[in-house]
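Quick one: structure below, then a few questions.
Think of it as A, B and C in the order they're written, each chain with its own count starting at 1.
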Amino acid sequence: MIELYPFIIEAIQIVIVLLFAPLFVGWVRMLKCWFQGRTSAGLFQPYRGILKLFHKDVILAENASWLFRFTPYLVFGVTVLAGGIIPIISLTLPFATVADVIAIVALFAIVRFFTALAGMDIGTAFGGMGSSREMMIGSLAEPAMLMAIFTVSLISQTTSLSNMADVVIHKEFILRPSMAFALLAFVLISLAETGRIPVDNPATHLELTMIHEAMILEYSGRHLALIEWAGMIKLFLFTTIGIASFFPWGISTSVNLINISAGIIFLILKMGFLGIGLILIETGLAKMRIFRVPEFLGSAFLLSTLGMLSYFILE
Amino acid sequence: MSINLAAQVNSIMAALILLTSFGLLVQRRMYGLLHLFAWQGLFLSISTAIVGYVSGSHHLYISSILTLALKVILIPYILHFLMKQLHIHKEVEQLVNVPTIMLIGIALVIFSYYLTAPIRELSTLVTRSTLAVALATVMLGLLMMITRRHAVTQIIGFLALENGLFFAATSATYGMPLVVELGVALDILIAAFIFGIFFFQIRTTFDSLDVEQMTKLKEED
Amino acid sequence: MTLLILLSVSFISAVVLAFVGDRKFAPEINILGSAATFAAGVGLAIEVYMHGPMVAGNKFFFVDAFNVYLAVLTSFVSMTTAVFSRRYMRWEREHGRVGHWGMRFYHAMFQLFIFAMLLALLTNNVGVLWIAMELATLSTVLLVSLYRTPTAIEAAWKYFILCGVGIALALFGTVLLYFAAEKVLGEGGEALLWTNLSQVSDKLEPTVLSLAFVFLMVGYGTKVGLAPLHNWLPDAHSEGPTPISAVLSGLLLNIALYALVRCKVLVDGATGTHQAGYIMMGFGLLSILVAAFSLLRQKDIKRMFAYSSIEHMGIATFAFGLGGQIATFGALLHMLVHSLTKSSIFFTAGHASQMHRTQEMDKIKGLLKGNPLVGWGLMFGVMAIVGMPPFGVFVSEFLILTATMKDAPLLTPLLLIGIGVAFAALFRRVQPMVAGLIPANQHPLKAAHIPVILHLVLVLIIGLYMPDFLSQWFHTAVELLK
């Protein structure tokens, strides 16, 4: 068996994050087309979209500051960094030992913060509106997210995602109500965080309802390409966080090539199924009014708190 | 099925019962409430059967079937019938301050846990940990009755509270003696008929089932 | 055997009256059924008096001095109420307040209510006690809303919801009690039998029982009408038909208190402290004060006397909580005399409001001239209930006050304030009602006089001279409750 250096695994993983994220989005869009009886643009359309944007010129508003130009690179960089921490194909990641799940949440908070600032930078109405909505959602989603993650870390007694996944893989399987609650909460939060229906609709630019799209309305060219790519990676990463904390079986625990390849195959399979799940949710629900979102996230918070309580009460 | 697995399934059921309780607390639609209530009854019935299996006390199977017949089929059916008759099955209740209600609910769960902690210490049953959930269900039913203003919703809250009591009986003691369980079921059945009559009385007298209108009787100064 | 007759007569009457309750002879059947129940009750009492406590029906029933005295009282008051309701309900029907179905329903539920109360008293099973209490609530809920007025329905709804919730909490307490008992007595029905529980009460887990008692106290306390859970009581009493107010006030509250006291005995045995007693004293005292000050603000005649019931149940609860020979004796006596007096007051108040077509006290006047029986009955009834000598209430309150001065002297002023304020409030109101000329809105009425006279004479006799068998009885009951 061929042993691999952890840094090589890390490099493979980052490449996977970069490449698979558009693929996952393509898969989700394709499924959505099928579910709605439309012909899809193919699995690779997101790549083409990104490529096209890279070829286009950047048009900047006159009053755009350095912040506006700086944000796309920062957003992209930070998101990819988060992708290096999450155990996606292997648990033995050099990055994973230095940052735990709280750091991941913080990284996403940085992304949100700068995107919101950039949204307000130009001074258009939509940008500001999008930013304020995004911050509202963020302020409600982050505590819920942390609660859900803490519930899982209570069980494994660690906050490092790799160790959490390790505990779940190796311990005897027990039906845990707390895990079920945390999973439910996590699904709700992920929908909100990645801007999916019922909180936000990634496919429209309808001014009254858009949130994420409103913030990045002024971007163009390679800036937009980076931000869109980062958005795709974010969706991919939330899915992998879910996999790592709730269904980690299949993620490689050793450093040899066979296990890593098996890990990649498992990843593709799981992502395929989760894409179907996501589309089932998206086609089953209607987008809710923005004023309902606090309630939606409130119930996510409730669920994660119940998860934590039921760890103490029932287990 | 091993005892351990049964206990795990039972705690999952407990969790689901707790979840449905919270669902009832914040659900606005009448039909949604009815469905949630029926689900809660189903989880309760499954849980009772599991506890019956674990403990080997066969009278629990009877009370499980009783729960199924009464709480999952008969009472939801009666309520459904009443809602149809009273044309309120599509009604949506106004609910304010959902987050606050949820927070109070969470506080009540913690309080129940604290309250039942000494009993948990004393008990040796595998189901002992679900007692806190049972008490929480009772408390949440109470909270629902306090926060809601619709007669039907209050009754569903009352029935959910009763579910919590049944659950408490099975989880703390492997069920009350059969004679008591049967009597309680009979009382609930009578209560179901009585509130059925009540709905019609309230409706014909007040033109709606909003109990907010019932504020005539108070101490005048 | 007597026991079976006692229970079955009311149940059979309920079934029969469900079919013929609207006929002309229905009230007579109602009276007959209640009288037979009373006769059986007396028979049972004599049996217990001669042979001591007995257990019957495969340990399902248990009769001792405490509950047989309440059973006799229940059957007696229900009999006199049935007599009263003959005239009262006929008038209501003639004036179109109740229809055919209403009458049927009323008669059937009246008997079912009595059956439920007797079952609650005589059962040996703490679980069945709960079931019977719930049945008693359910059977009276729709009687409270009998007139279908908005206020009546509101009152009934409140009664249903509040008592339903209260009694549900009592069930939780019962579950906890069973939990503790099961450890000592083993699983199955045996563990809920009062006869078994009382023998092993010192072995029951004290922490569980004190928790259970909190739930039982809140649960059954709601039914007793203890503040702050008393909200349903004035409404239900003022809006329901008067015979129902009379039995609710005179009997149901007693039964709920009975359930509470039974549980207290167990808890005391387990904890070995006076903790349960203190809780009861607290609730009792609060009820006395809340009711006394609410009395001052009343305008509705039946509502006022409902508050007076809360006050008196508070006194009895306080006395049971205080414990000790004299206080318990006083509490038992108080339950008896309050029940007799209060139901007779409701009889006269009901007739008074029929005469004036209103329950507002400002519009009720000149009762002494208009109908001497109603006027004097109300007058003497109120004199008795506020604790004037030589009526029985004076004796029981005096005993309770004496015991309080001995065991909890600091609480005596509070108790006295409560009783004093209630005295003033009731007397201030009753005097204008009975005195004066006949007002224009008064109509003559044929009143049912036997029940009123009978009750008041009994209260007077108990006040002047306590029959030997009664005091002996109370002494046995006091021993049981130690």
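Going forward, contacts are C-beta pairs under 8 Å (C-beta built on N, C-alpha and C of every residue); 3 or more make two chains touch, one makes a residue touch a chain.
Because the structure is predicted, anything quoted here is derived from the model rather than measured.
Asks: Select, from all pairs of chains, the pair with the highest number of C-beta pairs in contact.
Replies: By number of C-beta pairs in contact, the leading chain pair is B-C.
Asks: Using mean Cα positions as chain centres, tell me which chain lies farthest from chain A.
Replies: C
Asks: Find me the chain with the mean Cα position closest to the mean of all the protein Cα atoms on display.
Replies: Of the chains present, the most centrally placed is B.
Asks: Could you work out how far the Cα centre of chain B sits from that of chain C, in whole Å?
Replies: Distance between chain centres, rounded to whole Å: 31 Å.
Asks: When the C-alpha atoms of chain A and chain C are each averaged to a single point, how far apart are the two points in Å?
Replies: The computed centroid separation for chain A versus chain C comes out at 66 Å.
Asks: Distance from the CA centroid of chain A to that of chain B, rounded to the nearest Å?
Replies: 38
Asks: Within their complex, state which residues of chain B touch chain C.
Replies: Residues in contact with chain C: 57, 115, 118-119, 122-123, 135, 138, 142, 145, 151, 154, 158, 161-162, 165, 168-169, 172-174, 176-180, 183-184, 186-187, 190-191, 194-195, 197-198, 201-202, 204-206, 211, 214-217, 219-221.
Asks: Which residues of chain A touch chain B in their complex?
Replies: Counting only chain A, the residues touching chain B are 174-178, 180-181, 294-295, 298-299, 301-303, 305-306, 309-310, 312-315.
Asks: Give the list of chain C residues in touch with chain B in this complex.
Replies: It comes out as residues 125, 127-128, 130-131, 134-135, 138, 141-142, 145, 148-151, 153-158, 160-161, 164-165, 168-169, 171-172, 174-176, 178-179, 182-183, 187-189, 191-192, 205, 207-208, 211, 235, 238-239, 294, 297, 299.
Asks: Within their complex, state which residues of chain B touch chain A.
Replies: 5, 8-9, 11-12, 14-16, 18-19, 22, 26, 98-99, 102, 105-106, 109-110, 113, 129-130, 132-133
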